């Protein structure tokens, strides 16, 4: 598998140098792998720190900036960051108002963020945590590590970020973040496996006429393999999987997310099908975001995230944001 | 080749429905294939119309909005739009101040936009045209259709769009657009071929250990095939190819563009290498944009565009823009 | 309508409409092959482009059948311009519109008039696209076709034979593009690497000329 | 330093450092295989993760060699936590830190003390990760290893034999994860489809225990 890299070992460091070169509004510590919004800490404002394995760009580094994250900690590809990174980030962004850790529910992320929280608290930083676990493909939570965190992370980071930007206190920011997570569900589909630099090839085999339903964002296989489906059929399946678990009683935010290698042209066509299904199911849509936001390297495929949004969530979603990966209304 | 589509025949129409669903600030005429900024025409302002084959998203439809295009005309995949589309778009955006057609230099685009200009002028719309031809991979222009238009299109649309937004008259907007084009050069590389929905598979064969140097954005093979290179080597080759043709005497705008399937993680690493080469060649960089902006469906690969920018170009580049594909400083 | 004109009889609207039918059928059948030819030296869309155009043209002409051969050609040309896009849309559109205009309002024209119309159309293509013979384009089938038709007519051939000669020459011309290096259109970006592939546009041009020959033969023209 | 302690002799800092050397070498050699195991039921990084951690640990310990076996284990554990990430970093880090802390400041410890330390470490892993035996994790190699070591020591074995028994049990435990359905970690997302694949973490755990056995055997412990 050909990649645009030097050697697998330096992929993350190389990318961090590129982020530093492209975004003067970010302070990038390449050695310690922390991306901080310039000017942090911000007096009286809660700091938002997220992080996770690399390979999901623009998540999380691309969401650092005004109205969203204050810092991000990229791990190795598909490997959660280490506690030292988050502890360092927390120290860099804490103004005294405390820091919210936004953690996707994977064993590695949970353990490493927990250890980081201990380190940060030892240094006197007040830490709150929110666990994102929106992926309805993971059923049967008694027999699993629980639902994975996927697309809802964007909504959590956006909405909690807007609240922090407005000066909301830590418990309020954390409560909003939890509300967004509890109001969100996702489902993802892969048309191809992705290739990690370390492995140098696809992480699983997916024959040409088949697709994986219920994939995560780490190149893991899904729960089920089926003969290839049309865009409309995939929309039906994905939206119904979500609506089985969440019957929205308010208009939804819809994220139609590309896994990396699916052309935007196809994603927009898929977004039209998602809208069709939601209309058929009588679910009103307040906002729709289409693009590659929570990716899985070069995987072809897509995911749908729905977040039922009351007026306050909608207002915070619409609030100005200016980051490399998400920017509007400034 | 698996694609997230219904049937190849409806790919463009399906995408237009999705664009309409996701972007309430755009008026999308799905039947006639025209995307217009809501509220157009804008009193006293020049209209900017671009278009081209589909498959390069977010170009051009994703660049319709405040501070950039007033309308875009998507053709079939990799096929220039037909004159009727541009004539219709011109009528929709003309406030009496005239309309600039931004045309990438491909035989099909040039012929169809020329015919559209005749139709629009027959209807009393004043039309100016700018031809974008920035691709240094096309040498020997006596023996070719001339240089292709690729990444520089983004700079032309952004900067001319900012001038139009400020109320500059048609001849000034057109002159700026031409200046940007003349100040810009691009070079692109493919690690894989792309697959068009109509063909259902790769448009050319590219064995695993090789890459194509000097590709366009339509899945055409490049000018030369070589054994696979590292990110650093590709940066050296691409930047040097550009600098052989353009010795900037002002800081450059740099676009590090993904062709579609190359992960953002890799693109940022490549951007770091591009910066390294430019520093070695003593070319100062004013701005760097990294992402998938002028794509070639699911092709893996990248292109570099450099635009030498005097203070006026830089000011217009930095001016606020709010479109689905590019947004800042609002 | 003149369903089966005698040998040498004039070319009328029905003839051109039968040609359109034949051409649309052939384009449909050969679409995948044309796209295949457009892959190594192009962008893999020529067959899809041609099919889209000829489906639209056939539908338009069936809905409102023009009653002169010139008007049918103009209508087909206009449909190609409005539906094909790409390089081939304006070029083939111009070919047929120019040819149709040259025929004027005549309800039926002779083979020689038709040949003159084709020549006007081909000149229009050359003018619009700026290509010359040998540049590896549709012109490499079209110019030889008109020349061969002229020569046959000058030698006393009837319509069917003259168009058969045109078709043979167009075919030969298309095949002869293989060793050429492209200087126009998308294939020109490839430089030396365009050598060794037959030009898709020259190939479709030969199909369209052959459809004329087949129409004439079947009509016994 | 005690290069070759006699049979049954205490375990000292040098012994643990030789283990680290052996373990780092084995992890390097098996990294690709571990990543391969992590592909069908994981995210294809376990080998890379382990290698990164053990390279860092070896470097750190070489630069500043701690002088008690407990301190070496703590140092290695801390390095794993600070460099591995993922699930395995905190888990293996906790295993070794807890074990090291349990050994306290002793300059040398008996096999039984070492067994108790390992048990404390393994309990730490179970507590941190919330997994139980049979969940298809590294615990399925670690618990049997400690049990087998205990049994051997109770039966009168020396250090080397007891650790050899632990290694054999860890190996068996790792192999026995194949038919299990994962309930913890990333493999659990696969549900039924996790069945039929050996757990990468159990496999690396067996490698680490085997490295202890090899160290003891080579030392004649």
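Just so it is clear, A, B, C and D label the chains in written order, and each chain counts residues from 1 on its own.
The rule is simple: a residue touches a chain if its C-beta (ideal position, glycine included) is under 8 Å from a C-beta of that chain, and two chains touch if they have at least 3 such contacts.
Per UniProt, the chains are A, B = phosphoenolpyruvate--glycerone phosphotransferase; C, D = Dihydroxyacetone kinase DhaL subunit.
Bear in mind that the values here come from a model prediction, so they are computed numbers and not experimental data.
For this pair, chain A with chain D, the centres built from the Cα atoms lie 33 Å apart.
Separating the centre of chain B from that of chain D, both taken as means of CA atoms, is a distance of 55 Å. Measuring from the averaged C-alpha position of chain C to that of chain D gives a distance of 76 Å. Residues of chain B in contact with two or more other chains: 77. Shared contact sites, meaning residues of chain D that touch two or more other chains, are absent.
Taken as a graph of touching chains, this assembly forms an open line, each chain in contact only with its neighbours along the path. Listed by chain label, the pairs that touch are A-B, A-D, B-C. Only residues 1-7, 10-12, 14-22, 54-55, 57-58, 62, 77, 191-192, 208-209, 211, 228, 230-232, 234, 256, 260-273, 275, 285, 288-290, 292, 295, 297-298, 300-302, 320, 322, 327-330 of chain B touch chain A when the two sit together in their complex.
Residues 35, 39-45, 47-49, 52, 81-91, 128-129, 181, 183-186, 188-191, 193 of chain D are the ones touching chain A in the complex. Residues 53, 75-84, 106-108, 111-112, 114-115, 137-140, 143-145, 148, 196, 198-199, 203-204, 216, 218-221, 223 of chain A are the ones touching chain D in the complex.
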